[in-house]
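Below is one structure; the comments refer to it alone.
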């Protein structure tokens, strides 16, 4: 347990399983008493091979796969992906569909930020906030269930538009829900600005200056709390955001308290946006016919997920299936900042600092690093190299995979 | 905060005592699928679009098709419902599908002798006229 | 002979071991139920703490390989016995405790410090990093709340001019108006009791999201059941101590009525602790030490001074 660093420095690893983390990730900390002297992050525990699996499916099938990268920001990934594909195919998505997409996107943002408020409360021992915010989150989940047919993984997108329309009753339901939530959010703003122990725990913690935020490439509320005025919805409007009026909420506090204020401010902005969307929704079809084979091309699509800027890259090659899908989730950009924010801070701040970037490691882990226990040099293997390495390794131990060809759904890949 | 917290004692708890109390799912909730064999023309577009290969259409006679849905593979996205040109598939609100017997997860929707479509009911377990759905 | 047998009954059954055990479980139930209702939840059924205890007692004890086995095993028993023994000297519903002598106040305070030391030793001898961190935090927290707690209690005893808890309870029962001088001490003692019982905002040694379970991380089975029972009983004993020193009403009438009043007093204190647990977030250890030494300790000092002055001014 004691490292070679210094007699009273201890190395502990927080994760991959730890009560502070909602998803597995490994933070290796060097502690001197309660102070964190150094920390490093190891990613990859939630790697599921989604990008590779998407190459094996048609665009419509891949959409559902991409949606399941993450449960909290599922719509973010699905929309980002389908926007890229629609751009390659040069489809003219109807206005009404764009409005519905934006509506679901903002509802998702609300549910995600309420979830975050609860998690942040739990990390600092404030369970009451957890119970209250998650109770209110049920209102949004019920609205989303009635709109899209499910509480998470909405499946509202399809190539060329959306799959369901919004009826007048549903619009009224949404407006009523937004009214209730707005009142509850005002209460949470009050709690956040008046509750002494909360302010004590969140202020001065996880400090990241404006310059550091830019240098480390932070995105989303994490960066906006350090006065970085960037928001994809305003800077590079997609879906229906070009026609909405909203403020980009920033804060100059540079700490976790600032991030709390930014997220709560974004909640209030979302309510306003939803009201505008419901009021101004244009009539028309909700989808256009899309081809099965997407012409060759590539596209880059950006989306402001609740956690920050989500980037998808899709390359099409004229067939039904994508050639390459690459996902850069916002948490990947933010997790580099965690090591910086933890320096010279207390162990007690670790959970809230990690929680403050709103980590979603399911979104992040698109790559896995495997350590060589004998300390060999680091190298990068391509898919072909890894595959032939694996086949050779097993053949040397008497297991021959070629006998499985064609059985149990195993196919020889191209 | 104290006032709100003390006020909560007087409010009804937000907990739903599931499974003794159940929450009603909204209409068009994407739960278990239902297949109407009389409408199916065997185009197999549903099979083509299914992300997981959960649905299989088998021909059992002249213009008669049965559907086998693997509940463990289905992700309840209802893409097959959208893809079907004849609206033979429908998503019901049934979501309590856990079972102890793996064999029960493959649900077969048979094609019936009668011409008339089977009666639709929304109560699980009730037999629609024309025969029950058989699970192998 | 029957006198000795009666004493044994008192020590082991009522109001000793068995009664404290069940009262501790009941207090835990009230705490959890109130905490749940305040959060708009339903909360556990009445038998939950008992069920938890039985479940834990029935489970396997896992001894980590790097733990110091003898100390690891002994600490829960020591914690349990210390809290129960402390209860023998605290007057509950009559002004005379089961046992009393001049100076038993100091003995009770020391006996109540023993559980905290057992948490420290248990965490230290567990051999795991999280336990050691929890152990270190327990002792750090001890430095913060112990002084205000002792001072508040001593202030109350000062006014009563006796070192025996039973004597203090008797004095205030005879002069109920003098209890009003100790209001500040009562508040200080409540805050310090939150620290001793390791409840939010002072549950730093057991911060689930930071150090898993602190000193108790490696404990399981009967040993953990014993620790948790010790913590429950500590809550009851702490509340009883505060009730005896600061709310000494209803101790001179019929024993059944006094018993009922005693139960109400303890439950009221437990309820206040519950509400405090619900509305605050957890503090960091440095913030807690800061808070205790900047605000709580001076108030305790002030209370002592006040009582000294009042004692000098009061007619004998």
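Chains here go by letter, A, B and C, matching the order in which they are written, and residues are numbered from 1 within each.
Here is the rule we go by: a residue touches a chain if its C-beta (ideal position, glycine included) is under 8 Å from a C-beta of that chain, and two chains touch if they have at least 3 such contacts.
Small disclaimer: the values here were computed from a predicted structure and weren't measured.
The touch graph of these protein chains is complete, with an edge between every pair of chains. Looking at A-C alongside A-B, one finds more C-beta pairs in contact between the chains of A-C.
Centrality annotation: A (chain centre taken as mean Cα position, compared with the mean over all protein Cα atoms). In terms of their C-alpha centroids, the spacing between chain B and chain C amounts to 56 Å. Chain A and chain C have Cα centroids lying 45 Å from one another. Distance between chain A and chain B, defined via averaged C-alpha coordinates, is recorded as 30 Å.
Of all residues in chain A, those touching 2 or more other chains are 128, 135, 195, listed in ascending order. Shared interface positions of chain C, defined as residues touching 2 or more other chains, are 38-41, 278-279.
Taken residue by residue, chain B touches two or more other chains at 1, 5, 14, whereas all remaining positions touch fewer.
The part of chain B that touches chain C in the complex is made up of residues 1-2, 5-6, 8-9, 11, 13-15, 17. Across the interface of their complex, chain A is touched by residues 1, 4-5, 14, 25-30, 48-51, 75-79, 82, 91 of chain B.
Here chain A touches chain C in the complex through residues 1, 10, 12, 18-20, 33-34, 121-129, 131-132, 135, 195, 197-198, 200-201, 346-351, going by the rule given at the top. Those residues of chain C lying in contact with chain A across their complex are 38-41, 129-130, 133, 136-137, 200-201, 203-204, 207-212, 278-287. Residue ranges on chain C touching chain B, taken from their complex, read 36-42, 275, 278-279.
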